[in-house]
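In the two complexes below, chain A is the common chain; its partner is chain B in one and chain C in the other.
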Partner chain A sequence: MLEVEKVNAAGGLAGRQIEMVIRDSKGQPQEAARIARELVNTDGCEMLLDGEASSGSFAVHEVARDLGVLCIHTCSEASSLTADPKQHIPNAFRCVRQGIHDSIVGAGYAAGIAKAKSLKKWATCSPDYAYGRDTTGEFVLYLKKFAPDVEIISESWPKLFQPDYTEVVTKILQAKPQALYSCLWGGDLTSYIDQANIYAMFNQMEVFAVNMADYTALTVVKNLPKGIHSGDRYIKTFPPTPENAAWGDAYRAKYNEYPTNWSWQNATAVMFLNEAVKKVNSTDGKKVAEALTGLTIKCPFGADGTVTMRADDHTLVGYAIGWGTTIPQEPYVPDVKAGDWKTIFELEAEWKKSKGYT
Partner chain B sequence: MILVDLDALASCLTSPACLVTQTTSGLIIGMLLFLVAVGLTLIFGVLKVVNFSHGAFYMFGAYFAMTAYQLTGSFALAILSGAVGTALLGLIFERAFMSRVYGRDVLMQLLVCYAFVLIFDDVVRMIWGPEFRSMGMPAAFQVPPLFIAGGVVPPYYLLLIGVALAAAVVLGLGLARSRIGKVIRAAAHNPGMVSALGINTGLIYGGVFALGGMLAGLAGALAAPVRSLTPGMGFSVLIESFIVTVIGGMGSILGALIGALLIGLIRSFGSLGFPLFTEGLMYLFMVIVLVSRPTGLFGKEVA
Partner chain C sequence: MTRTRKPGISRRSTLALMGAGAMSFAAPWVARAQAKTIKIGMRPFCRVASRNSGRPRAMR
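Presenting the complex of A and B:
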């Protein structure tokens, strides 16, 4: 919304003011599909911003395929949404970080630490649903590739939104791993940390929690242990540029809270739209879609100050991606090690081949 | 993928360190569950309604405790306000709404309770916001865990088990020995006779409901430092409490205690031996109990 206001203040898209029509699917895919259709057919919307989680995003994607309306996904990190050529349509784009990218960078970072500290025995603890299983699987795959003597000695799959993790915590303590990987997120992650904390788990092993460094989780946990390794979700100090810091502060000034991972993704989507419309000087969906394909724009969240909507699979690349360790106060993650996009591209291409996508 | 890991279970059962850790872990899960389940079973025993909205009191206990802790910084006050606040809420809820559906169709009672599950969740959303919150561990308990026979035991959990056990003893003795306890048991058995003797049954019903709410609130307050607070957090606790009361026998306090501890231990040891089937184990146990003793382990034959 911050970005939409900026665009409107600067004269809108090709002279037309953006009007937002906001609907809530309550997380139901069939509801998401119905609403998406209604937004286009009844409310006359010309572009869809799809903030659905993986489950709903595929439903909205089908509506976009059917109606041919311009659609930008801004939430789903499931790699197959754009990597799978069966999903490819000319009018839909993904402006989101991606599971496979995070796994490659995270595993590379973790393997470096595993080698330096000779961490061979690993445990995993992730929520028992598609995202948890896939992300953990990809992470382990690449971790073993980069650090071949790593061994997984214990796996835990707590239910999504489980209130108590004590049995999982003590089980991991019994297994005595040297390191733990987890893709728990949100309230589940903070519960887990509170409960593991009183068992002093964080002194006994290195913990890699990909979803830790998001302000929603960082600011809620009261006794954040030092030294949890995490991926960057959104951190206003990474990338360490004045543009990013200014954006984070502006967001906070407006909404009185820090931006999340979803904030930067939606903001970037609007930036892309704005640039694409400028390029073709039209708000026609087809023309804008053509302009978006392969478009590179200046962006505060780019690894090198720019991000690109990759032409062959319509997905966001070049965004800032990295891992670091947490401290209990701001800036929370003082030193983020950036992932290398060259490596990501190479391994992503291999991964696509292995999946039969290319 | 490891489906059944009996080696891990066996090696744990022979190691004192592992036994101590897993047993305390089972005890804390069990004791919190007991506090919620015992209120449920008490309300059913006396009022003959299944309080489907019982999880909400657990939720309110946690939120009350968090707010009191943020305002005063005192953990004792936080626990107290969790318990007292939900007792008051229980009393109001019983007098204003539940008292109107006694003796009605079970479906009617269920619908009223379910409506309040939704209403209470929304109230929490309005007051405390939709995001998850965390109370944080009081400084006094931010200490390294104790090591007993090599097993890890966090001091906070000792407190938690102690408080829950104390509540169980006071409740059990109170019902068995005190005058009020006798009246409550009498009211459960034959409410008509009790009111004919000039005892205000409305007061007793309200009091029992408040007591049940207070126990769930106490559980919520005790859990607040270690579990994240969300609207709807009462629901999963409610389901497990139902399992406990079904296993222990509806209306039986001892049954709730044994049932809760069994569920806690099944979870803690089950997660070692059957990592992918821990939940299933719980239900399987419930089915076995139901088939062999339909009234639950300590349930009385319904007259």
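Presenting the complex of A and C:
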């Protein structure tokens, strides 16, 4: 909404003020599809920002395919949503970080530590749905590529929103891994850490939790352990630029809370819409979609100050992506090691080929 | 601007029930309304829990 207000204050999209029409699908894919259709057919929405989880995003994607409405996914990180050419439609885009990008950068970072500390026995613990399974699989794939000695000795797949992790924690402790990877997130991750703290788990192994470095999790955990390795989600100190810090401060000043991973992704989607509409001086969905394809914009969340909506698969690239270790107080992850997009592109291309996507 | 849906029959639904004649009558009016604002539909991506408000419902 911060960005919507900026666009409206500057005159709107091609002179038209943006009116947000907001619905809650309660995380139900069928409801998400029904609401998406209703937003277009009944409420007269000309564009959709889809904040669904992976399962719901695929459903909304099919509605966008059917209706031809311009749709920007702003939450789903499951790689196949845009990597699989069967999913490709000209009117849909993904303005989200992506599992395969995180896995490549995370595995490279983790492999460096694995080699330095001789961490060969690993366990995984991730949520049991598309995002958890896919992202963990991609991380392990690249971890073994970069550190061939690594062996996965235990896997745990807790249900999404599972309240009690005792069984999972004890299973991992009994396996005695040297390192643990997890893509638990949000409340699941904070609950898991709070419960694992009881068993002093974080003193017994190196923990790599890709979704830790987001204020959603960092500020909610009761006792944030020092030294958890995490991918950045949103922190105002990475990328370390005045533009990013200013955006984070402006968000906090307005909402009295820190931005999240989803905040910057939705903000970036509105930035893209604004620039695409300017380019064609029209709000016509088809023209805007054509303008979005391959568009590069200035953006505080870009690795080099820009981000691009890649033309061939309509997905966001060039965003800041990196890993670091936590400390229990601000800035929480003081030294984030940035990923290299040249390497990401090379390995992503190989991965797409191996999956039969290209 | 944010608009949340209110209960009851919307103007569009009413016009739809009134049939094609009503739609013909209403169409220019609707077009003018659309020219003023552009509606973007959104499903909120998450709300973040504070320490006291329970578990975050964020989705990924």
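Quick notes on this one:
The working rule: the second predicted complex is superposed on the first by the 358 of 358 C-alpha atoms of A that agree within 3 Å, B and C clash if a C-alpha of one lies under 4 Å from a C-alpha of the other, contacts with A are read in each partner's own complex, and residues count from 1 in each chain.
Just so we're on the same page, contacts are C-beta pairs under 8 Å (C-beta built on N, C-alpha and C of every residue); 3 or more make two chains touch, one makes a residue touch a chain.
Everything numeric here is computed off the predicted structure, so don't read it as measured data.
In the overlay built on the shared chain, the residue A:Y199 is in contact with chain B alone; chain C does not reach it.
Touch criterion not met for A:V307: it reaches neither chain B nor chain C.
In the superposed three-chain model, the partner touching more residues of chain A is C, compared with the other of chain B and chain C. By the touch criterion defined above, A:F161 reaches both chain B and chain C. Shared-chain residue A:L173: touches chain B; no touch with chain C. Look at A:M1: by the touch rule set out above, it reaches chain C but stays clear of chain B.
When the two complexes are overlaid on their common chain A, residue A:S191 makes contact with chain B and with chain C alike.
In the overlay built on the shared chain, the residue A:T216 is in contact with chain B and with chain C. Of the two partner chains, neither chain B nor chain C is touched by A:A147.
Once the two complexes are overlaid on chain A, the chain A residues touched by chain B in the first and by chain C in the second are 161, 186-188, 190-191, 216, 220, 222.
In the complex of the two chains, the chain B residues touching chain A come out as 1-2, 8, 12, 18, 21-22, 25-26, 28-29, 32, 131-137, 141-142, 144-145, 152, 154, 156-157, 223, 225-228, 230, 233, 236-237, 267-268, 270-272, 275-276, 278-279.
The touching residues of chain A, when paired with chain C in their complex, are 1, 4, 8, 12-13, 16-25, 27, 32, 35-36, 39-40, 42-54, 56, 60, 74-77, 131, 161, 185-188, 190-191, 211, 215-216, 220, 222, 257, 260, 262, 265-266, 273, 283. Touching chain B in their complex are the following residues of chain A: 155-157, 159, 161-164, 166-171, 173-174, 186-188, 190-191, 194-195, 197-200, 216, 220-223. Per the touch definition, chain C reaches chain A in the complex via residues 1-5, 10, 12-13, 30, 34-46, 48-51, 54-60.
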